[in-house]
Amino acid sequence: MDIAHLGHVEMLTDRFDATLDFFTRVYGLTVSGRDATSAYLRAWDDYEFHTLKLTAAETTGVGHIGYRAASAEALDRRVAAIEASDFVAHGWVDGDQGHGPAFRFEDPFGHLFEIYWETEKYRHGEADRPALKNNASRFHATGACPRRLDHLNLLAQDVTEFRRFMETCLGSRVTELIQLDNGRLGGCWFTVNNKGYDLACTEEHGGGRGRLHHVTYAADQREDILRAADIFLENGVHIETGPHKHAIQNTFFLYVWEPAGNRVEIANAGARLILDPDWEPVVWTEADRKKGQAWGLKTIETFHTHGTPPVPGTGA
Amino acid sequence: MDIAHLGHVEMLTDRFDATLDFFTRVYGLTVSGRDATSAYLRAWDDYEFHTLKLTAAETTGVGHIGYRAASAEALDRRVAAIEASDFVAHGWVDGDQGHGPAFRFEDPFGHLFEIYWETEKYRHGEADRPALKNNASRFHATGACPRRLDHLNLLAQDVTEFRRFMETCLGSRVTELIQLDNGRLGGCWFTVNNKGYDLACTEEHGGGRGRLHHVTYAADQREDILRAADIFLENGVHIETGPHKHAIQNTFFLYVWEPAGNRVEIANAGARLILDPDWEPVVWTEADRKKGQAWGLKTIETFHTHGTPPVPGTGA
Amino acid sequence: MDIAHLGHVEMLTDRFDATLDFFTRVYGLTVSGRDATSAYLRAWDDYEFHTLKLTAAETTGVGHIGYRAASAEALDRRVAAIEASDFVAHGWVDGDQGHGPAFRFEDPFGHLFEIYWETEKYRHGEADRPALKNNASRFHATGACPRRLDHLNLLAQDVTEFRRFMETCLGSRVTELIQLDNGRLGGCWFTVNNKGYDLACTEEHGGGRGRLHHVTYAADQREDILRAADIFLENGVHIETGPHKHAIQNTFFLYVWEPAGNRVEIANAGARLILDPDWEPVVWTEADRKKGQAWGLKTIETFHTHGTPPVPGTGA
Amino acid sequence: MDIAHLGHVEMLTDRFDATLDFFTRVYGLTVSGRDATSAYLRAWDDYEFHTLKLTAAETTGVGHIGYRAASAEALDRRVAAIEASDFVAHGWVDGDQGHGPAFRFEDPFGHLFEIYWETEKYRHGEADRPALKNNASRFHATGACPRRLDHLNLLAQDVTEFRRFMETCLGSRVTELIQLDNGRLGGCWFTVNNKGYDLACTEEHGGGRGRLHHVTYAADQREDILRAADIFLENGVHIETGPHKHAIQNTFFLYVWEPAGNRVEIANAGARLILDPDWEPVVWTEADRKKGQAWGLKTIETFHTHGTPPVPGTGA
């Protein structure tokens, strides 16, 4: 695969201080850097400088999504593929805190992507030196304290078209999908490596454009998710749904809304990986979906409608 | 990477019935097939026909190690690389229950490897149909019940040479290693994908040849390892060491000896993956190792000496 | 306290074989004894002969509830207190498999209770000898495999009157309660020892009489509850709600319906105990209850209506 | 029982600031009060003002041990029993921050006890108001963050005599004991309620007097213990042994030394309780003990010798 992994997500917030407080004190990320409008955050074992760029903005949602290439040559191959496609290429940008030149492009639904090779690996200081040298930094045990960035979920009006975008531009493969009775795709789970997914796309029902459904970090154990639920509860964070287990991907999940309204998940996948090189996508029908989540939980209504930024006048 | 993942391990036993009883009733694998001298076993979410081939023999240890290629073309590339090397190539065999033609070759220390592309994916029946269609078969909850094959550990007189073998023949990368004060490698952890390791090699101290240190399956949660400890205890299985956490790879481990003496591990890696495409191997010195395992447990003496088959007259 | 602990619950089933299969193969109890119409079951660390008496009947629900006294003298004191009260005393019965003479009495809502002192402690055989001699029998690891009986929940038209019954007859203390806006008690949690509760009573909304809401066994860890959810899922058991955490008593819960329709819970209370000898009952208002369970789960409708036996023509 | 539960332990330290930092920042207790020489600490769900009194002193060890009576009358009964005995009674003291008048007495090995009835229940403020009103204060998620005080372990030259002291003065019952081949008791586990033990006494091997072996708080889940191990590791705390499972009492344990050298445990007992009112003490022989801990861990040498205060010139 030319693309190695999801690198970072830029999240927009119109309540910057509150959102930053949530992500650091409650969710348990740490700040690597700051600039005039953004904070660069990472989980304790994320190897790069940052995996979440939090940017003050007039609204919420996703700024851009960064994927790291597997090599300089692989990056070139991907750029060529994108340029040869009918998708919108924005071209090279100089990079950012934490990584070098990045090639930017856009899906047909208004989400901005970038791919890059050169990165700044996180260098811990004395204060966050890990006890075990194979960890990127100290397990600081603050807040929910997930280990690493896991995935994000975007909304698109046409998931089939979004799938073509992901396959063409990133070379992603599809591991699971929802096949609606009307013939459309209801959702699609993509990966560029052995994780079950690094990006999911589900159908936009709120009339929005370029919207974010959620961003997720991975915790080591399901118990970490249960403990996180108590931490969110004690800190007045809106718990939307969970902890419970998704039928799709078997993910043990917990969804909350950070103070500005962006949905954030903390999840655990157990030992599940997609090792099979010719894995056939798992197809979930509407009939399957009527069973609810793995253990029968009915999906909460806001999960189908709430995205960021909100769509004026719709409640979505 | 040309090689997708570790596919299966053939384990030899001179107590076939007892070993099979251990692996099915206590450890929690299931039987996919039998022939005159072997049973083919898998964990409930292993996608292939088998991941453990248990073979009746006059002694214990490892029969052969199978890796699945990422494609037919990738298999050809690997075969060419092996044939171009100075390592011993045995050539093609017809395959076995569960997979197609395999190319066999051997490391300088007597371990037999094979690589293959064509495989038989496990097809569950009515009795082991999973409730969730993205699982390979039903979570049967029998015994320790790990999810999938994880890795194996071999012993070699010269780990540096073994490393050259793995890099040359499988294209494996090294994620962590032990650098001894005498300049030799004490151990090396290899992977062909995003797992931290699928094969480890540590120095042979017992004078044996072609020996196995252990085979490991992955459980979803650390709690599964603790629960497995009680299951082993109640079934009279020899617990050698653990549960505890390895400093190397952060693996939460538990080692037992199956009735014939082969060491078997059940382990959990949490959410740890090697996503970085230019990961630098983590180097552990003898000084590092003196600290014991992650939480200070001193490594038990047999862990340094016991391998299979035993070396006559040495107690190893 | 004169009463030491909840001893056993007799559950009625009109699908005896299916219910027994559920409790042994899936839920993980074992059979200590049988007679013409009943099976006597226990969890692996229950110290008495049985904690669940399963009885073939024309309907479902609870047969009787047994509490063990703290001594022979304490039993006499309780019998005197019951006889001196205005509650219905049935008098002495000879006992049953597993215990000696019992004094029977009845709450005003049709639930039959008994108290006894002489008991038959479970004596394991060779096959279920525990590895650790302080366990009552072997941790068999079959099914959900809870450790011990925990509590039951009854339905009553008048919880305040039921509370008077429990305080008068058993000397129970109230640890938590629901105070409805209309002045009635919505629910009451009782204990005779350091557990948070051994019996709960909630308001009957279905028009039934003498009904059971659920019976619960305790598992050692929350992970056991999550694992049980997968076991129930794979075995086609109806999962009603959970896993989630109750606000009341902090219990981590999972509710299922056994094949005949009786609601059964498996739960974990963590390290929570009521050690305070002058504990003041925690009062939950309707406003409190509107927040849902601890992490926000809305209580499923059937939880308010379903009890056993069903009330003809009501769907309850 | 006249005595309700272990109330508090006074621990001495000759490194007050470092010990206090350990208990608050790393172990996860909070400070309720201070005076000239002591800090009063509690776990987040301890219902009393404090459960650990940390006192600056010239050495380490235990200052005194407080048990709360079940009522004012029960306290009087116990005082009468102690005064009628041949054990040393010091008489009434005025009380302390957190509780009222206490009657003090001493075991033959130099440990000071007190019993009291009047207590100050902890009153949370706005900052530590719990989300769930049945918790004593907010789950703050700082450090290892156990739920409540569990037990302590003292050393005595004659465990049989210590047993007589506990039975006579506190009315404790013995749940488990170690019977040495030489006829002496090697250890004895005592309880006044349904917990498996609130105080253990093991034989003094170091020649000390009035020494402490360890103090323990209870965490809700075994996963909390594993997580605590990482927290101790990252904070440079000396981990002596664990996590592992004791054969005796089935406790899942982890032992560390706080900066001044007092041994501190964090433990989980699962759902295990002693509900049986006529429980027979479990007897462990030397042969039993040779098997090591539950899963085979050999007991580390310092566990047999290290106590506080240290014994000059012995290394104990």
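The letters A, B, C and D name the chains in turn, as written, and every chain counts its residues from 1.
What we mean here is this: a residue touches a chain if its C-beta (ideal position, glycine included) is under 8 Å from a C-beta of that chain, and two chains touch if they have at least 3 such contacts.
Bear in mind the structure is a predicted one, so any value in this text is a computation, not a measurement.
The chains in contact with chain B as well as with chain C are A, D. Here C-D and B-D are compared, and the pair linked by more C-beta contacts is C-D.
Each chain gets a centre from the mean of its Cα atoms; for chain C and chain D, those two points are 32 Å apart. Averaging C-alpha coordinates per chain places the centre of chain B 44 Å away from that of chain D. Counting partners per residue, chain C has 131-132, 221-223, 230, 233, 294 as the residues that reach two or more other chains. On the chain C side of its complex with chain D, the touching residues are 4-5, 45, 47, 68-71, 121, 131-135, 146-148, 150, 176, 193-195, 218-223, 247-250, 268-273, 275-279, 282, 284, 288, 294. Residues 130-132, 138-141, 143, 221, 223-224, 227, 230-231, 233-234, 236 of chain D touch chain A in their complex.
Residues of chain C touching chain A in their complex: 222-223, 226, 229-230, 232-233, 239-245, 252, 254, 294-296.
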